[in-house]
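One chain, chain A, appears in both complexes that follow, with chain B as partner in the first and chain C in the second.
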Partner chain A sequence: MNEGWMYFFGLLIFLSGLTLIFIKNLIYAAFLLALCLLSIAGFYVIYNANFLAVIQILIYAGGILILLAFGIMLTNRSPEGKVIVGHHLLFFGSLLILGMALLIYALVGSSTILPQEVHQTTGQVKEIGVRFLTQYILAFELIAFLLLVVLVGASYSGKKSHHA
Partner chain B sequence: MLDPIIFGLVIGSFLFCTGLLIVIIKKNAIFVMIGIELMLNGANVNLVVFSGSDPNIQGQLMGIFVVVLAAAESVVALAIMLNIFRHFQTLDLNSLKKLKY
Partner chain C sequence: MHTFLFYLPFLLFFVLLAVYGERKIAAFIQSRFGPMDVGPKGIFQTLADLLKMIQKEDIVPKAADKPIFLLGPILVFTAIFAGFSMLPLNANLAGAAVESGVLLLMAVVSLDVLGILMAGWGSNNKFSLYGAVRAIAQIVSFEIPLGLSVLCVVMICQSMDLQEITRQQGLYTMDPIFLFGLKGMGIEVTQMGGLLSWNVVKSPLLLFSFLIFFIAGLAEANRAPFDLPESESELVGGYHTEYSGFRWGIFMLAEYGIMLLISFLGVILFFGGWNTPFINMGSFQWAQWTMGSYWEVFWLLSKTLILVFVQMWIRWTYPRLRVDQLMTLSWKYLTPFGLLLVFLCGLWKLMML
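Entry: the complex of A and B
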């Protein structure tokens, strides 16, 4: 357990999340999201989830972020090249989030099922693979089918419609 | 010195609250999707923190499913947003009021 790295990644997550609330340029927001996701991957490594950290970098930082940049470039056209996004409902939104944070604080503070300590687990990839193909085989196959459905559905709804 | 478990839970709930706030206050549909990704990551951080003391690593397996579902969701959402932009020429959530065009 390396405490310094834990605080470092936690601070990075905190700062990038806080900046994401106030920033107005959509391109900068996408890069801040990249920083946030990579720091979350580092955070996973500290909590002994190495395989999930690699998956996080591959799928989130490599896939979803490219997709987001692609969506920003295809949809928000402006002549000066900046995409400025305004805010609305600031007061009620902050009020709601304050209530939500208090609720989570009360729940975590009053719960008695907190985990005890982080301990080192080795051979995670083998363990995950065995569990995916024995215990979680139904969920694994269902999610493979879901990916096929998403592929077909996205390519169908993304093409130009004929009647418009 | 803070307990690492408590610190992880704080980071997870911070990410969730930040994502929800972004979903509420931003005007652009793609920014709302960034908020949704943050919320999913907050839930994932919670799962990983709780799975740290579990020899069966069930939290990590759930986390992998969450990541795959997030990828699927963002692909479909972006396809829908491209169609909306083609019809209305905007993604401003305040001006998207018609359900039928």
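Entry: the complex of A and C
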């Protein structure tokens, strides 16, 4: 049962990922990205990482993707009414793909990084919270600080300047 | 477990009645009659409207982006209806057993923004696009105060499971409940149940959280006074200008659906969910007598419908806000007060322990 769902979501990720790269209509690409991110959330559910799946939906599909779509909507349309992208930088792109492929090949060959099921199914939220405030407190606080800086910076640059 | 088997027909039935109810309430508030021709007191008016709507042609504008245009309304309704799967119905019928239920509910419901974007962009109409941009800006910014007010409840209850949150607000609770949550006062009301164990009474600060929740919820549902996305007088009809027939009907269904969902969530988080409001007093065991599977469903639904009524009442009482006023309300008033309340609720929780 689980395996069937895994192949289903895997196929969805694969297909939506590939199409979103090759499709020329930018707004379609944004919606395909949404499908891709949601399918990844499905993967998390299969491997019992429920909280992570919820966060994936909330942050990526609900937050970041909306920002992306907003950016696309506010760009100018071509006369045909579609935002079209072309294929550029093919050489460096293919180099990057080659590098990534080699890296993944090497990693898969060395085993131990295959997905593992989370065995603890209840109390995940509590566990994550406790870890954040003990074991990973430095990283947690640094990220909080970074986000604060970003917030202050955004509101500063969004403010109308009095001199100009 | 299978609560959606109840919620789907209930939602459809609710929309039929709510449209009629809204028109009657509007008419009452504005001193006119409202629908009165079809059936006694015009009660079949919505049914007649529905029949007319289903027979209409499903028009797709020539310049529209067809696949996106067709998918938009379906995605909006799916996202909102998925939110209903987490709601409990009574003590024995919990929704989907998700540990982080409230969070998932908010995450899934926020996906309806994608559908609105599809509808607005796909219509290839400038009014639709303006409507969609307004709707998304509004939903995304009001999600923050909404999340903060829900966070207050989660901190008081120490759980994100809606069934567990409800259980803590009544006779079935595991922990002792003190009056206003103040353990120092030493007045235990665990056996009295009813009103005294609801979250708003257990920690009175949550009343202010509820105000923020309700205002943000209205904005989330694109209801007046926050109905800028579909303001008829300036944007024709907002993101559903180009839709006709059944697809337009799905948008209506989604709008009333999210009204209902926000009310359900408000009742479950703040007003005791399926718990009775009556209190056990001496030999009059009012709370004991009014609990039981059917009573619990009755309490949940009746409290929710009261909140829906308040939403309609507000719609026909207040004028619409301007866009900048809307953003000011969200970012300069609701969000800072929400942050303050999260802090204060943390302190209150310390006194409850």
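The working rule: the second predicted complex is superposed on the first by the 130 of 164 C-alpha atoms of A that agree within 3 Å, B and C clash if a C-alpha of one lies under 4 Å from a C-alpha of the other, contacts with A are read in each partner's own complex, and residues count from 1 in each chain.
Everything that follows uses one rule, which is that contacts are C-beta pairs under 8 Å (C-beta built on N, C-alpha and C of every residue); 3 or more make two chains touch, one makes a residue touch a chain.
What you see is a predicted model, and the numbers here were worked out from it, not measured in a lab.
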Chain B or chain C, by number of chain A residues touched: B
First (chain B), second (chain C), both or neither touched by A:Ala34: second
First (chain B), second (chain C), both or neither touched by A:Ala61: second
Partner chain in contact with A:Asn48 - chain B first, chain C second, else both or neither: first
Chain B versus chain C as contact partner of A:Gln124, first or second or both or neither: both
First (chain B), second (chain C), both or neither touched by A:Leu147: first
First, second, both or neither for A:Thr19, with chain B first and chain C second: neither
Which superposed partner A:Met73 touches (first chain B, second chain C, both, neither): second
Which of chain B and chain C A:Met6 touches, first, second, both or neither: first
Chain B/chain C common contact set on chain A: 51, 55, 63, 70, 124
Chain A-touching residues of chain B, taken from the complex the two chains share: 1, 4-9, 11, 13-18, 20-22, 24-28, 30-31, 33-34, 37-38, 41, 44-45, 48-55, 57, 60-61, 63-65, 67-72, 74-76, 78-83, 85-87, 91, 94
Chain B partner contacts - residues on chain A that touch it in the complex: 1, 3, 6-7, 10, 13-14, 17-18, 20-21, 26, 29-30, 33, 36-37, 40, 43-44, 46-49, 51-52, 55-56, 59-60, 63-64, 67-68, 70-72, 74-76, 83, 85-90, 92-94, 96-97, 100-101, 104-105, 108, 114-119, 121, 124, 127-128, 131-132, 136, 139, 143, 146-147, 150, 153-155, 157-158, 160-161, 164
Chain A to chain C touching residues, read off their complex: 27-28, 31, 34, 50-51, 54-55, 57-58, 61-63, 65-66, 69-70, 73, 81-82, 122-125
Chain C residues touching chain A - in the complex, by the definition given at the top: 63, 65, 68, 98-100, 103-104, 106-108, 110-111, 113-114, 117-118, 121, 124, 129, 132-133, 136, 140, 160
